[in-house]
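Chain naming follows the written order as A, B, C, D, E and F, and within any one chain the residues start at number 1.
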Amino acid sequence: MPNGTNPMDTADKEQLKLERLQSTLNRAYKNVPFHRKRFESHNLTPQAIGALEDIEKLPFMKRADLGLHYPYGLFAVPLRDIVRIHTAPGTGDRPSISGYTQADLLIWKKLVARSLNACGVTDMDILQIHLPAGLANWGRDYKDGGELLGASVIPNSMLSLSKTLMVLRDYKTTTLVTTLAFAEQLTDHMFERERHPNELNLKRIILVGEPVTKDIVKDLEARLHADIWQHYGLSEIPGPAIAHECGDHCGLHICDDHILPEIIDPATGQTLPAGTAGELVLTTLSARALPLVRFRTGDMARLITEPCGCGSPFIRMEWLTERADDYMIISGIKVSQEQTAVYLKQALGISDPDCDMERIRLNGTEALGISLVLDDALFSDEIKNLEQLMFTTERSLTENLGVPVTIRLMQKRN
Amino acid sequence: MTNQDLRQAQSQQPILDVQGLTKLFGGVKAQDNISFSIEPGIVCGLIGPNGAGKTTLFNMITGIYAPDNGQVIFNGRNTRKMAVHQLVKAGIARTFQHVELFGSMTLLENVLVGMHVRTRCGFWGAVTRFPWVNREEKAAVEKAESLLEFTGLIDDAHKPAGDLPVGRQKTAEIARALASDPLLLLLDEPAAGLNAVETENLGQLIRAVKDRGVTMMLVEHDMSLAMGISDKVIVLDQGRKLAQGTPREIQNDEAVMAAYLGG
Amino acid sequence: MLRIKNLKCSYGSITAVHGVSLSVKKGELISIIGANGAGKSSLLLAVCGLMKTWSGEISFEDNSLRGMSPPSIVRAGISMVPEGRQIFSPLSVMDNLKMGAYTMYRKRMKAEVEKDFKMVLSMFPILRERADQLAGTLSGGEQQMLAIARALMARPRLLVLDEPSMGLAPKIVDMIFETIETLRNQGVTILLVEQNARAALKIADRGYVLETGKMVLQGSADELLVDDDVKRAYLGQDYGDFYDGRGN
Amino acid sequence: MQEIIQYLFSGITTGAIYAVIAVGLSMLYSSTELINFAHGEFVMVGAMAMVTFWVHLAWPLPLAILAAMALGCTLGLLFERFAIRTAKASNPIVLVIITVGASIFLRGTGMLAWGKDPFSVPSFSSHESIEILGAALLPQSIWIVLGAIGLAGGIHFFLKKTLTGKAMVACAVNQKAAWLSGIPSERMAVLAFAISTGCGAIAGIFIAPITMSSYDMGTILGLKGFCAAMIGGLGSLWGAFAGGILLGVLESLGAGLISSGLKDAIAFILLLLILYIRPGGLFAAKEAKRF
Amino acid sequence: MSDKLSARSRARIENSIFLAAVILLGLVTENTYYLQIMTFIGINTLLALGLNMLMGYAGQVSLGHAAFYGIGAYATAILSGTYALSPWLALICAVGGAVLVAFIVGLPTLRLSGYYLGMGTLGFGMIVNILFREWSSVTGGASGFVGIPVLEAGPMVFMSGKSYFFLVWAVVLAAILICRRILRSRMGRALRAIHDGENAALAVGVNTHYLKLKVFMFAAALGAVAGFLYAHFVLFISPESFGFMVSVKMVTMVVIGGMASIWGALLGAGLLTLLPEVLHGFAEYEMIVFGLVLMLVMIFMPQGLTRGFLDIYHASRKKRQ
Amino acid sequence: MIMKRISMAIAVLVMALLAADGLYAASVYKIGGIFSSTGRASFLGDPEQKTMEMMIEKINAAGGIDGVKLEAVIYDSEGDPAKAVSAVNKLLHKDKVLAIIGPSTTPTTLAIVNFVERAQVPLISCAAGVKITSPVKPWVFKTAQSDLLAVAAVYQHMKARGIKKIGVLTVSNSFGESGKHQLLNQAKDFGLEVVQADSFGAKDTDMTAQLTKIKAAGPDAIVCWGTNPGPAVVAKNVKQLKIDLPLYQSHGVASPKFIELAGDAANGIILPTGKILVTGLLDGSDPQRAILEDYQKDYNAMYNANVSGFGGYAYDAVNLLAGALKGSGGDKNKIRDALESTQGHMGTTGEFNFSAQDHNGLSPKAFVMVEIQNGTWKLIK
């Protein structure tokens, strides 16, 4: 089983990537009209891709494409092969659906296991997963991966903060998978209760969902007495653990035997040389059900081509905090401002709401704060009605986006 | 008797009735007691792993091999004593797995050769060029051109067949086979060597041929094509008939899966 | 060990293999599976030098195989068990094995050949029993054993098997696959081309699935075993199986 | 009766000559699927080389024989290397015409080298014939028959017992598989050519003492050898041998019992009948392959 | 440049140019020697044409075709010489006889293939040749047949020289036209189909065996006509002129000229007739040079001269562009 | 299109050949020669060609004929009638010769007879066939002894020895066939019975079958009629089969080569031959002796080789022609007439007495019978 420490010859890896890229493209072309049309509109067939570099000939795929082919339009296998269906918030009025075949699940289980293994998780560890509702899918993946490693997994469940803390302490959890927001909330909670980290067996925390700056990491590590590891994932396909940190903690290793990364200039779409910061574009190399070809993540990153001190053959990236799109990351979950606006429109029943969005802290956890300008269309004489409307809207948005939402009404601007 | 009459005469009896066909090669059974029948107007897929005996079966139906046992009843006639060219005249045409067009001849000429059994000019006709010869020739050319039109090859009519891309050659083979006014057309891996688009076009052509009332039997490895256009699929394995049914039934048949994928 | 990049093979105007890449690492047992007509055999023909009209890259232990004749490829360390056995029927079993060791004899390694005889005959006791029989009189399974044994006699670093199960009864097939597994366990690197997908994947480390000259799937054997695409590569897909509302 | 035995003796003598030639042709055919129409010319080269080496240069007999054989082999080798292999043709008729060209070329060269006169070579042993059942048997006939058997046996031994021979059989049976076993089939083809033309030369060496050697003796012998190989079934060694003997005996019986003028015609008519009844020759190599 | 022209009109142009060339040559050449060489070329062209139809199109090698040449020559010689029949009637009988023999022999022989077919035809040729030699009361035996009358047609007397040249080439032209007509007809298409792929031809309903037999008979007829022309030209025939080597030479003409090509037959016949004449200068080296030329042409132009020249022509044109 | 070019190319080639045909003036007498210099009859043609070349040179050295030099134009027929026809046409129409010497064999001669008759050019053939001069054709002569005479000589000898039954073995070519014809025809005249007649192929390697058959028929003697190398094989086979009968051979093998080929087996063989072979054994009084010695000396000097009996035919032919050329002024009719009226010309072959009825002009005296003993010829008186 290839893992982070297994030395893999660069040439071997390049070869493997090419093999997988070609078969992915063949399958996509053969089975998915969307991909075939894209090839045809560029006068290409999969045979034109004879080397990894040739991928630049292909057009990009955007998040919006997922929504456009809602629900199963991009599946490369018949529905009866699909064994799991995940939903993630999309860009437009439709969410994006991703499906998994048996083989997909198997592969991702292995990938997650590899990522966990890279940060030292073994079958001796007790792995606790605590992720917000919007990242529940990832929770399942981490569970599977952990199980594959032989670790004792405490699956994700919607427990209260104190219950979670209790489990963390009493079950002698050694590894916690969570988001930054929750980690901070937990820390705050613990210190509020005057609990000391020493009571915990916690050795490491795996942070998912958003890039975390060095300062915050240091701060958290100092407070919790645990190592912090970052994992990078996509909510669409296939899930978490696309990239993981190694013991050297300098950049995230991308599992580029299964996911092919590229860095492009978000404005022009040109591929950028290694080492330049730009938008991360990913191509799945082994996904069966939903192959992504040159998928623009919206995340900004920089590839590091120098070999890593840990000896892992996987290429590293530096995950940058800024974004190439209008997404906000709230509690590790990507939220599209555009889509939020759409939902808002639907919920409020008005054509063009004027609003601002920001990430806010709400009761220790992160939430999406929407400042809505109260205009004529919205204004209602009955405050109650208005409150009711805001309440239902908040609930609806929370459900759709998977993050808590609060709406603040504002006066008309000048 | 014209083809039209023949077609009317056949009513609903199977156009091809294969009964207990057995063929031995050096003591080894290449075909073991195979029986099936094909109703007029359908497309029948014949599939099976390598060495299943599909080509041998084709060769027996077209009269190239004589079966060691069993018989082939074509359109009500026992074909046992018939030579290949007599079978063609009776209405069986075929194409080949590897394109076997007459490469140095033009497409038009290829189709004209396909009309061999429906024309009669011989040596003296050729030398003397009597008026009936010219009339026959003219009619044949017209018919050939209409066939090329039908298959969409008319633009290449005067190009040597060997110079055309494979896809068009495959189509041309079908045109040539159609030239003998077949009642039954046997297609041996028509999609071999074709790309996806060509395969799709081929499927459409086969459907169009079916619309002309030609019954077809097809050996094909491109399963999306075979399953897509067949009304009925027969599966051979190791010289035996393994299963028969609609494509969907076949795809879910355990025995078929085992034959293909192993146990 | 063996690395194939973007291989394209054609017979005349027909392209049988459309840009296939695959690799075999030392000690691995790799299965290439696919229905007939998928291009498996063409691929092998290119690897063992029987087909010259290919483009792309084939390298074995970092040496390109371009332009090499089959015998020099055998000398380089690749032995092939061809499809349909292709034993030398008028020669005895022993002589067939000697033919397999032809390159060894030419390298004046007679002592090693003797050792190999012992090794091979102990691996296939049935061949020892039939050592003096004409190879043509062996049963299909025995012939397959002989073909494998013959290939082993050249001391290959990579053993290529082309459809060893073809035309054999299921019981014999099981036996052949057991033999192949044993070989792998003894450290022989094996490239196995098979139609019998399940059997091949059960003993393989990794697998590739070819369909109409294109690689459509690859991955570790356990992944492929659960993959329905493998089945579809053989039996085709019914477009009705797909979600109807796609493509709009 | 005595006559019949005599006919048989003569038949077997000539037959053995045909057999040696046919064995060479057949051996080449089995490894390269080519009929060498210049084969008769190699017989001529063998016989003429004997004239030069043994009669003119007075080398010892074994040495002369070896030298003549070596000459035949070398010429065959050169022929394969420079004519046959260079030809890009896949059409066998083209290769056949090349061998026809070679036969004319060799005949011309032979004429230049040895002149137009026939030569005679002494018998290997005494001239006195041996009487068996009232029929005379020439010692040279015994030499020839022994030579033919020895040659066929030798080739048989070579093909059955030596590694190279077996490799050659392997190439002939299944060139692809032979290639895949690492047997360089091109080199085998050269070798087959050399052995085949060597056989031709040996035929020449043996018959030189009983017939007269001249530069144009080869054509008819090559032709008869071709017939013999055909009767036996192309590619079958013992078939070729038997075919040669059969042809010789038929000719001799035809000449003795029916008409000496029509003896060739009689032989050919029988050949045609054999071909019609068994289109692959009498001993057509049976397919040992099971599939 | 001539892509636009239909095959038929191109053939017409070729034919007329050929006709013009023949007439011009016939008119210009005064020297009987050259006329005679060209006459021989014509006779050989007839032989090669027939054999080319058989080998080039029907794919059947015949190593005994000289037999038909001989049958034509001997039949006409015996009928017109011994029995004083009009040579023209004798021609009809000769051709008829050759066709009949071809039918009887071809029926079983053409079922053979490859070298066995070669052997079968070779055997047939040998038998016929031996008959010519041994049946001396009728054929004159090995010494040959003397007393063949000169051809006459009304006031025309076809003696050596121009008249015979024109006679032979008129026949050649007619033969070429007939071959072309056949090739362009249903039968010819079937033939060319056999040439391109026998299996496929069989599969589209061509009765290949019957067709091969027909072509065999046609080739025999052309051979017999050539024999007729030869006999009345040389006025002496002997078995040697119809032996095995002559058959081989005919096959060589076809292969050297280019199989499946009418002009190839002409070219091959021309080359193999002219070459020995030219090579006379080499005296003792003649055979060596001849053998070498044969080998070299076949090695480097395996498709024959017509194809070979065409390839060179195309290559040079490509280079120029 | 290329076809047209090719046919044009051929046309040009032929034209070029035409143009090359020089029109050099006839200040010489051009004499044609056609011999089987190569091919299976080269044993005949080769010495004939050499002799003719030698003779022409000699005549020219002596100042030519009537002061006009001779020029020889010689072509090789390879023993092939078609080639002979080609050659004769070249001689007649391209080289425009005055007379032709050769060809060497009967079929080639017969093949060209019609052409010389038509062109009215004298031909002196070196072939033996009776058909050549019988019936007589105005323009055709020959110098070789006819089989007729040879057979007569042989039968004469047999008759003298009291032989009654003979077996005949002939080669299957024109020489053997013509001989067979004479042997069968003349047997009665000499009171002989042919009990078995057989033939063998010119290239056969073994004749024991035929000999066995002949032996079985119980003849008193065997006659073998052929040209080398077959008869040598017959001689060997006769010895090997222990057939203890007198073996007669034809003049076709009358050359030292035969003794070389047959080796020991040649001993005891009786054959007719022209005197050339036994010049040394001839009586000094023999009128031919001087001529023969001359010829042999010249030939030896020029080619450093011994003469064969066949070269003599050409020797005589050239001499006869030279005689006829004298005073003819190059008029072919005059040459022919002069040839036909040649009388008492002593040649290597014999004494030539041509007439309108006899264009061979030899008598049985042209032959002597010899026996081979200890590898050399012995004249039988």
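Please note the rule applied: a contact is a pair of C-beta atoms (placed from the backbone, for glycine too) under 8 Å apart; a residue touches a chain by one contact, two chains touch by 3 or more.
Computed from a predicted structure; not experimentally measured.
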Review point. Just how many steps, at minimum, does a route from chain A to chain D need if it may pass only between touching chains?
Key: 2
Revision key, fill the gap. Touching chain B and chain D alike are C, E
Exercise for review: Would you mind checking which chain's C-alpha centre is most distant from the centre of chain F?
Suggested key: A
Revision key, fill the gap. Outermost chain relative to chain D, judged by CA means, is A
**Study point:** Result of counting contacting C-beta pairs for A-B and D-E, higher pair
**Key:** D-E
Revision key, fill the gap. Between chain B and chain C, the Cα-mean centres are separated in Å by 34
Revision key, fill the gap. Per the C-alpha centroid definition, the whole-Å distance linking chain E and chain F comes out as 34
Study note, to complete from the structure: Whole-angstrom distance, CA centroid of chain C to CA centroid of chain F, is 74
Review point. How far is the middle of chain C from the middle of chain E, if each middle is the mean of its Cα atoms, in Å?
Key: 53
Exercise for review: For chain E, write out the residues touching at least two other chains, lowest number first.
Suggested key: 133-134, 284, 286-287
Point to revise | Residue numbers of chain C (touch at least two other chains) | key: 18, 167, 237-238
Point to revise | Residues of chain B whose C-beta touches two or more other chains | key: 195
Practice item. State the interface residues of chain F toward chain D in the complex, per the touch definition above. Key: 38-40, 42-43, 46, 172, 198-201, 203-206, 208-210, 212-213, 216, 228-229, 232-233, 236, 239-242, 257, 260-265
Practice item. Quick one: which bits of chain A touch chain B in the complex? Just the residue numbers, please. Key: 29-30, 36, 45
Study note, to complete from the structure: chain E residues touching chain B in their complex are 178, 181-182, 184-190, 192-193, 195-197, 199-207, 214, 218, 260
Revision key, fill the gap. Chain D contacts chain C in the complex at 163, 166-167, 169-170, 173-174, 176-186, 288-291
Exercise for review: Report the residues of chain F in contact with chain E in the complex, numbered from low to high.
Suggested key: 1-8, 10-11, 13-15, 17-18, 21, 38, 75-76, 79-83, 85-86, 89-90, 92-94, 106-107, 110-115, 118, 129, 131, 172-174, 176-178
